[in-house]
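Which chain is which? They are A, B and C, in the order written, and residues in each are numbered from 1.
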């Protein structure tokens, strides 16, 4: 009897230690990735990387300035497209709608969220690239914006619903109309959560490569305006990584480091904002 | 709220600035990875001479080049496998004008390999190459390979075949050659930019294949000559129709083109694989730019015609340093006249 | 206008109690309409997407019908297209990924939910969420430069020498292949399993654990035999979520799977997945049948992820409700 108990205790300690190992391994992977990128990419990050255009094949040097700016433009345009739709849609769900329509919209958003990014790329290609006969920044932004909508929408709804009733009722009691209440009281109260959601959506699409392959295409030069193809960090990383040129590999690591750094920073900022809690207006 | 509006305004202003008109004319092209080294050099030099013109070339494979120029999403395409009649008709139907082929340089597809302990150049017969890519010859020390390579110690390892996973003109050249030297290949697989490979791994672009070969011991694949040279991958010699084992270089590729020059068809679509000639390299090919016959945008039209004129004259001077053979003189002259067909 | 009287005309929506015009003037009706339009646009876009996929894949449906799903050939020259190698590759790599990720993920979730003090648990969860944010192209990068050589030098010999007689471990290794892709995918989906499982485990009511401990079970026994089964459906949900993510993953897979449309029993063999073939061949598919066959593959993938996502949410919902219910 005592022996059996000893055995059970041993098993218990062993298995629980194993779970600790699992957790440790999972977290260690993150640090490994970061460390590896830093080690390989850190030395390649120099001023040239940020300011120069890619050099022709076989020549060393050059940078990814156009890809960095290209990614920035894509994200900007994607937000301008995706955020208003997601935000206002979320406002509708939280404030104005009743059962049936709300379920339909939520379901559609979940569906959209689950679409593999490559399929979104196909959609954007047939909707934006073909009719206009152009690969373009806009097409890429459209694809990325689509991917931002579901996250923004659901989060907006959730955070607006989380605003305490007394705030609404207080505003109404003072004579504010519904939309005034929403605009001046409820949204400001929920803005932390909504901002977090937008930032997280942004971080998610910043690293997307597949949809850009058929939309923004690629560009060795600066991409002027919005209707021309553009280079972007993720696509450049992909192109350079599968090449046989050592110099391009080096630059791929550097770009990976820059991209990952950017995404991690956005994530950390977003989650810190959120953890400070929903702001209650003065 | 005010801060938010302010931030939004700043973002919009930034957007407008980024949007600010670039006076440069951007001309987009896509296609073959085969000539990518020389095209990227040409476009870079040409841009230096004409700062207002930018040729943005994406090396995505000949298949994509043909497809995208047909769709009209790029201004020009590039391919090492000439468009077949069906594809040309599709272009005509879609764009209401015809597509013109302009040969630019000559290149070669070479058998590259990574065999532990072998650093010399192996000799390959057509039968050996066909057998390997058909999956019938599976070991490096097979007699078909060992036969012409007496004195080289070949291991008894399994051969890892590497081919292109994307639609490729280099694939076209390779399968065109194999179709000419092997009936079984011709019937089973045939020639195209994208085929149903009996065996092997797929790499994306010449770059992907070279990368895979460098990383995979016992592998063999086919890449454009310059990729093998630039990346220090060993490549072998191939037996030509006259029976000599020839390694690809400028002289042997030019020899392969020499015969074709005299009989060049007007549309420039010709295959020079397995060309006659004692010193000809059997897996050589022209590579072409695909230009629509009618270009509505005057600025783009003039820029493209200007580039073509430069390409066929001064541009040819850059070819040899990158291991591409220049166009034979007769062909270059014909090309220059044909530029006027672009309206 | 508001006054300090008990009746406040413009506040609180009493339907029909105010005229349409007065509501418009207050902007409410406009606000409702505007937000409705944006919400409706989400639905419209989604419908449009499914419609486009369906309509643009008509040719292979007409030509091949259901044969499309069982044909192994992918031949652009002969215009013969079949989905089987890609479905196989997608399924196999996802299965391998889950086999590796589930034990690791659930183990970590148990640690975070049951053992770790709350602050450490939150901190670790934060880090794991960051892992989920790493873009897939970076996983691909690491796959190419770390996992592929590792596979060739360490993993393959370790598995092939002793177990090479098994069909799944037979044959040569190229570094790339099903197993490599599965390993990379496993790393990518672990965060999803951990974060959702942790949440459902945390939502299991305390009295369940306490009851188990009260009758003399060890810590592990109460966790494994009581808490985890209680959260079983939710954990299943997290696995489905991870599966959906693995199915749709494109970039990391295409860089390490070998890009060969063939079905092979060995995990070391190169293969292809639906997402990878679309990424590689979409821009160059000349000929309508070729292109539409690729889009048909996209539709298949979409349907697969749709079904699995639906199941996932259902399961997670059931568990967290069960847990939060009183008992």
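Everything that follows uses one rule, which is that a contact is a pair of C-beta atoms (placed from the backbone, for glycine too) under 8 Å apart; a residue touches a chain by one contact, two chains touch by 3 or more.
None of the values given here were measured: they were computed from a predicted structure.
Participant: As a test of whether you follow the contact definition, which chain pair has the most C-beta contact pairs?
Facilitator: Top-ranked chain pair by contact count is A-C.
Participant: Please name the chain that ends up farthest from chain A once chain centres are defined by their CA atoms averaged.
Facilitator: Result for max centroid distance from chain A is chain B.
Participant: I'd like the Å distance between the centres of chain B and chain C, where a centre is the mean of that chain's Cα atoms.
Facilitator: 38
Participant: Nearest whole angstrom, what separates the Cα centre of chain A from the Cα centre of chain B?
Facilitator: Using C-alpha averages as centres, the distance is 37 Å.
Participant: Per the centroid of Cα atoms for each chain, what is the distance between chain A and chain C, given in Å?
Facilitator: Distance between chain centres: 16 Å.
Participant: At least two partner chains per residue is the criterion; list those residues in chain A.
Facilitator: In chain A, residues 242 touch at least two other chains, as defined above.
Participant: Which residues of chain C are in contact with two or more other chains?
Facilitator: Residues 283 of chain C touch two or more partner chains.
Participant: Where in chain B do residues touch two or more other chains at once?
Facilitator: Residues 30, 203-204 of chain B touch two or more partner chains.
Participant: Looking at the complex, which residues from chain A come into contact with chain C?
Facilitator: Residues 8-9, 11-13, 15-16, 18-23, 25-27, 29-30, 33, 36-37, 84-86, 88-89, 91-93, 95-97, 101, 104-105, 108-112, 114-123, 125-127, 146, 149-150, 153, 172-180, 182, 203-204, 206-210, 213-214, 234, 237-238, 241-242, 249, 252-253, 256, 259-260, 263-264, 267-268, 271.
Participant: Any idea which chain B residues touch chain A in the complex?
Facilitator: It comes out as residues 1, 11, 14-15, 18-22, 24, 26, 28, 30, 36-37, 40-41, 43-44, 47, 54, 56-58, 71-74, 203-205, 207-208, 210-211, 214, 227, 230-231, 233, 322.
Participant: Please name which positions on chain C make contact with chain A in the complex.
Facilitator: So the residues of chain C touching chain A come out as 1-2, 8, 10-13, 26-28, 30-32, 34-36, 38-43, 45-49, 52-53, 56, 103-108, 110-112, 114-116, 124, 126-131, 133-138, 140-142, 144-146, 187, 190-191, 194, 218-221, 223-224, 244, 247-251, 255, 275, 278-279, 282-283, 294-295, 298, 301-302, 305-306, 309, 313.
Participant: Which residues of chain B touch chain C once you look at their complex with the stated criterion?
Facilitator: Against chain C, the touching part of chain B is residues 30, 60-68, 70, 87, 90, 158, 160, 165-167, 189-190, 192-197, 200-204, 212, 215-216, 219.
Participant: Where on chain C is chain B touching in the complex?
Facilitator: 73-78, 148-149, 152, 172, 174-176, 254, 258-260, 270, 272, 280-281, 283-287
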